[in-house]
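Before we start, here is the structure in question, set down as structure tokens.
Chain naming follows the written order as A, B, C and D, and within any one chain the residues start at number 1.
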Amino acid sequence: MVTLEHYLVLSALLFSLGMVGVMFRRNLIVILMSLELMLNAVNLSFVAFSRYLGSIEGQIFVLFVMVVAAAEVAVGLAIAVAVFRQRGTINVNDISLLKW
Amino acid sequence: MENVSCYLSLITFVPLLGVLVVLFINRECPETLRWVTLVCMLIDFVLSLFVYFGFDPSIPSMQFVENHSWIQEWGISYKLGIDGISLFLVLLATFLGPILVLASWKDIIHRVKEFMICLLFLQVGMIGVFVSLDLFLFYVFWEIMLIPMYLLIGVWGNPARKLYAAIKFVLYTIVGSLLMLVAILVLYFMAGKSSGVYTFDLLKLYEFAVPIQAQFWLFLAFFLAFAIKVPMFPFHTWLPDAHTEAPTVGSVVLAAVLLKMGTYGFIRFAIPLFPNAAVDAAWWVCLLAVIGIIYGAWVAMVQVDVKRLVAFSSVSHLGFVMLGMFALTSQGVEGSILQMINHGLSTGALFLIVGMIYERRHTRLIAEFGGLSKVMPIFAVFFMVFTLSSIGLPGLNGFIGEFLILLGSFKVFTWYTVFAASGVIFAAVYMLWMFQRVMFGEITNPKNLNLKDLDVREIAVLVPILIFVVWIGIYPNTFLRPMEPSVKNFIQHVEKKRAKIIALEDEGKQTLPYVDKISLVSSVTEVRAER
Amino acid sequence: METILFYVLAAVTLLSAIFVVFLRRPVHNVLFMILTMIGLATLFILLQAEFLAMVQIIVYAGAVMVLFLFVIMLLNLEEVSLPKEPRPLRWGFGIILSLALVVILFPVFGRFVPSIVGTGQPEGIVGNVSNMELIAKELFTTYLLPFEVASVLLLVAIIGTVVIGRKFTKD
Amino acid sequence: MIELVWLIPIFPLIGFLINGLLGRRFSEKTIGWIGAGAVGASFVVAVSIFFELLKLAPGSRSVQKIMYSWIWSGDLNVPIGFLVDPLSVIMIMVVSGVGCIIHIYSIGYMHGEIGFRRYFSYLNLFVFNMLILVSANNFLLMFVGWEGVGLCSYLLIGYYYEKKSASDAGKKAFVVNRIGDFGFLLGMFLIFTVFGTFSYVDVFSVAPEKLTQGGVLVTLITLLLFVGATGKSAQIPLYTWLPDAMEGPTPVSALIHAATMVTAGVYMVARCSVLFAMAPTSMTVVAVIGGATALFAATIGMTQFDIKRVLAYSTISQLGYMFMACGVGAFASGIFHLMTHAFFKALLFMAAGSVMHAMSGELDMRKMGDLRKKLPYTHWTYLFGTLAIAGIFPFAGFFSKDEILFYSLQKHLGFWILGAVAAIMTSFYMFRSVFMTFYGKSRVEHDVAHHLHESPPLMTVPLMILAFLSLVGGLVGIPIIQGGHVFGDFIGPVFAPAKAIIDHGAHHAEHPSVAVEVILMAISVGIAIFGLLVARFMYITSPESPDRVIERMPGLHKLVYNKYWIDELYDLLFVNSIVEFSRLLWKKFDETVIDGAVNGVATVVQAFGSVLRLLQTGFVKDYALSILVGAIVVISYLVLR
């Protein structure tokens, strides 16, 4: 019988996988993707909660998360494209202009 | 005279109007800028003359008082007032205003507009400090004065180390004043808590009896803020740098008026608010003052740069002022106030003179000069008179101040006075040695041969100061009489409040430990009974 | 039966997520990402959030992933020497760190969740009102302001993207 | 007329202002005569006040004239006031009289100098300050004159400011005077704390009650005042500035370093005779230092070759005599000697000046000789002066010096011996200077010799007036056997209270018989003549004898010739050590310690800042990592709490 914990464990796993992706991949695009993954993990737990608590708010929040995720991806990819065009690389370590 | 006159506000904020007018003038015509500032300063001076003639020398209390509430909730009021102590300091500031503008006529060429604005703001800050009777308002003016001075040194100073000097000056002063702010707030809350009404009004805070334990720390905070400004012995290293790097006008205003804020702060705030701590601390403050006198004189002796020498000499002179003030005798305090004015006049004039030779030779090293009195006789006369006034030759202003201070402090700190009096000898040594190396002897350096003597403008700058230097020397009563009642009132207030607090503390001590005193007594009797 | 379905879908999603993170070539990543999205959509259906499942597929799988593909093709990242991935040591460190995160999250579930849910038994959503209707009613009443703000956010994002994406001209 | 006492100092002040401010347009003659006229006018007023004072009864000859309240702060109220009494009238007459003569002389002497106007304005300022000093009615005003006189001596010594030695000498004079004034200042503070006022009349009238006879306080006050006197009148510890002061023009030395300024110390001790009388210990200190200085300076005077240096050392030793007189309680004879000394010492200096003028600036006696034919007037007046200072019978010096020796014998034999030996040396070195310059064979270089000329009458007439005065001056003090003498009676009442205290204290020595007085006079004349003969023998009859004496005791000669290396000692002990120490203070303490601390704080803050900077690596991943670590920490904290 599938309980809430199952879903939460799954979303935790997905979340940490996404985090690993963000932390350790050098490719900017992959980082963005794993970021998406983390967001989706959160969506999953939202829906799971809304399902088990019987309140619809969870799902509405998921909608808003999706809006934010979409905006974020759009801007992220635009930046990636601009960086690539200017620096010719999307390796995150090369983009270290902020070093003070 | 409650709320009747608005002279003091006028005097303080006329320079602000001047700033507005200067703002509208085109940058490209410096002449008009200078004339407008000069006129504004003259108006300010005339207004202060009205105050002088309206001032009634017989009443000890504050006059020309203006009391409007500013921020009700926190008890901050826009309160101005003047008494014998601050009257002449305001006059000194307004008197020097026009002279500064005149002196900067040829000295400041680039960015004249900003310079004039800085000068006017400085004037507002200075006069504000001397007239404000509300701690909060005092602190505001105290900070206002910092920024223009920083700009004066930082922008128009001599390019070598001007930024270092400016930053050092500002940091030194700000560290001190922040501690003072903390002390002000602590005082504000303590007074508020005990008397119910929260207020920054100085006269009300005079009445509040601060417990002795707290008094020590608060006095220490105020002491640090003002000691840095004075400057007293260990905190003086910013002064030589600030003076050597500042333009002539900058170091004149710095020496003549800004240093007086420190000593004025002691008389107006530190001592009357915390009399017990002030009297207990008097011995080490005077020790620092005497060290300052001797140290300032000795180090001045070996300086190679004229401006640094005069800067160290003002450390020595202000050591005298502090000694006189903390002796808390009527001669001592009056002497210290008079010496503040004298120092303002003679050191200000000396800096003007150094500025004049700097304008001609663009160097301040004593070795570069020699035999100037043959080439510039009028200059030699002025330089000689001001050197003698700063040495403290009788017949000129320096002597009256120094004599009263030494006389006043002789009764209280005999040994300190003996060492301080020896400072008079060293003063003669370093000033005359410098005077001889600059003025006498053959003209060794060819560049000195064709130096032209003082022109009309420069003489017009020096003559008013000369008149006052001689006037104070010949007939000082015009200055001593108005001070008399306020100084007497100041000393009585310190004594009275100190006694009241001691009485309060003793009776306070009795109530608290009264209980265990009985138990103590009873336990002793039991023991005796058993034995 | 439902639990079996859950486990299958969870396994599929997890596997594809792992492939997304650990495969070298970006195109593979994108494809597996789409697979995870679909996996998640089915899980939403399992949790009776059909509207969300549909939205998930349309928005995420459809739009976002296509965008990724488009960018990869645009920058033809295949030929470009892909940055060599970090040495295994970093990977190891990464895995340990993520496990640490999971381990930490567990007590959270243990502590909070039961108190709220209590039964651990999925109750049915009240009445036979469809999921979408519920969302719509809720969205346009209590959450109206966030809804409008979201639209503004999207507008801003669009403008931002256009500005950043502009041809880099040496003006 | 006494009401117009304030005119006396005002005249020279007006002269100073006129010459100082408007002098540029006047010719040399007008400037000179304005200066001399101003001082002459105050001399006339002084004489008229003198005669008016004579009319008053001897007991009540002390009138105060208060002008206005100068400093009034708290309980201190110091007026500008003048005190007219025999002591101050005599001093005023000496100062203005001799001053006027010297002004006239210097019109001739300074002819052709570029700074003529500056010289005369400073001279008038000096006379103004000196008159303020002697006529003041309170200590503070006297201190004003005291320092003003110090200033003018600084200006006049440093008159030839191109010469470094002149401006150095001026600076040295001012600083050493300032050290003396330091003592004077402290004495004044003590007086104020004890008496609460500065005016003489109040202080001296109430002194016996307020101070205990011979107590620590009165001794301290008097010793501190005496420190001021030694500074001003160049006694043992602080005399080094006077010989260097010869850098100034000769009339300056005549006026300042012979007649007026240096006597200020003696005047002050005489004025405070009541205080000194109450402190026997300080009286003995004054006498001892006076006697020692007399002897010490005389020894140095014997070996000097520069004519002005000889006269300078003789001034120091004569001042020593005056202090010894005051020390033994004979204030009247001290002042009498002061007056006569003013006459003949000014004369000697001016005669030396005219010699220098004739020899076109040459001062070294070894390059002079046999000038009596070329400079008759100067020769005779110089001889008169020497006879007076040596103490030969009819001249003024004899009476005043003999009186001092007489009273010092009464006090203690030691003082008399000191005085007698110094008297022998005085007559020896004075006659040595006469014989070396005017007699013997001429050692003048050729080019200097041929335009040797007698000084113009403008210079010789003053010489003659002073010669006459140093001849007549002594008659005022002829001791009418058994009684006092004219001068003594006139000035006696001023010192009556002091004498009363001394006689009350010490056992009253009976007045020695007439015979003893006559014998003493004979001895002192004998001493003078003995000195003359020795000098004549060594410099006229056998000129090579001085060299033989030097060979016999080269070490002693070298020691004395180099003035016992006192100057170098002072420089080493005080001047250089303080300068080195203050340089050390400046460089080490001020720059490294305090500035070091301040800059140290700055560097510490900077170092701390650079550590923080390392966190900003610029790699996105590091930032992400820190976010993660932060999150983990927060959650674990929440969970484990």
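Throughout what follows, a residue touches a chain if its C-beta (ideal position, glycine included) is under 8 Å from a C-beta of that chain, and two chains touch if they have at least 3 such contacts.
Because the structure is a prediction, the values reported are computed rather than measured.
Common neighbours of chain A and chain C (chains touching each): D. The most central chain, judged by C-alpha centres against the centre of all protein C-alpha atoms, is B. Taking each chain's centre as the average of its CA atoms, chain B and chain D sit 39 Å apart.
With centres set at the average Cα position, the gap from chain C to chain D is 105 Å. Chain A and chain B have Cα centroids separated by 65 Å. With each centre defined as the average position of its C-alpha atoms, the distance from chain A to chain D rounds to 99 Å. Residue positions of chain D touching 2 or more other chains: 628. In chain B, no residue touches two or more other chains. In chain C, the positions touching at least two other chains are 97, 101, 105. Pairs of chains meeting the touch criterion: A-C, A-D, B-D, C-D. Residue ranges on chain B touching chain D, taken from their complex, read 168, 172, 234, 236-237, 295, 298-299, 301-303, 329-331, 334-335, 371, 373-374, 388, 393-395, 399-400, 403-404, 406-408, 410-411, 417-418, 421-422, 424-425, 428-429, 432-433, 436, 439-442, 475-477, 480-481, 483-484, 487-488. Chain C contributes residues 97, 100-101, 104-105, 107-108, 111 to its touches with chain D in the complex.
On the chain D side of its complex with chain B, the touching residues are 68-76, 140, 143-144, 146-148, 151, 154, 158, 161-162, 164, 167-168, 170-171, 174-175, 178-179, 181-182, 185-186, 189-190, 192-193, 578-579, 581-583, 585-586, 590, 594-595, 598. Residues of chain D touching chain C in their complex: 628, 632, 635-636, 639.
Within the complex formed with chain C, the chain A residues making contact are 1-10, 12-21, 23-27, 29-30, 32-34, 36-37, 40, 43-44, 47-48, 50-54, 56-57, 59-60, 62-64, 66-75, 77-82, 84-86, 89-93.
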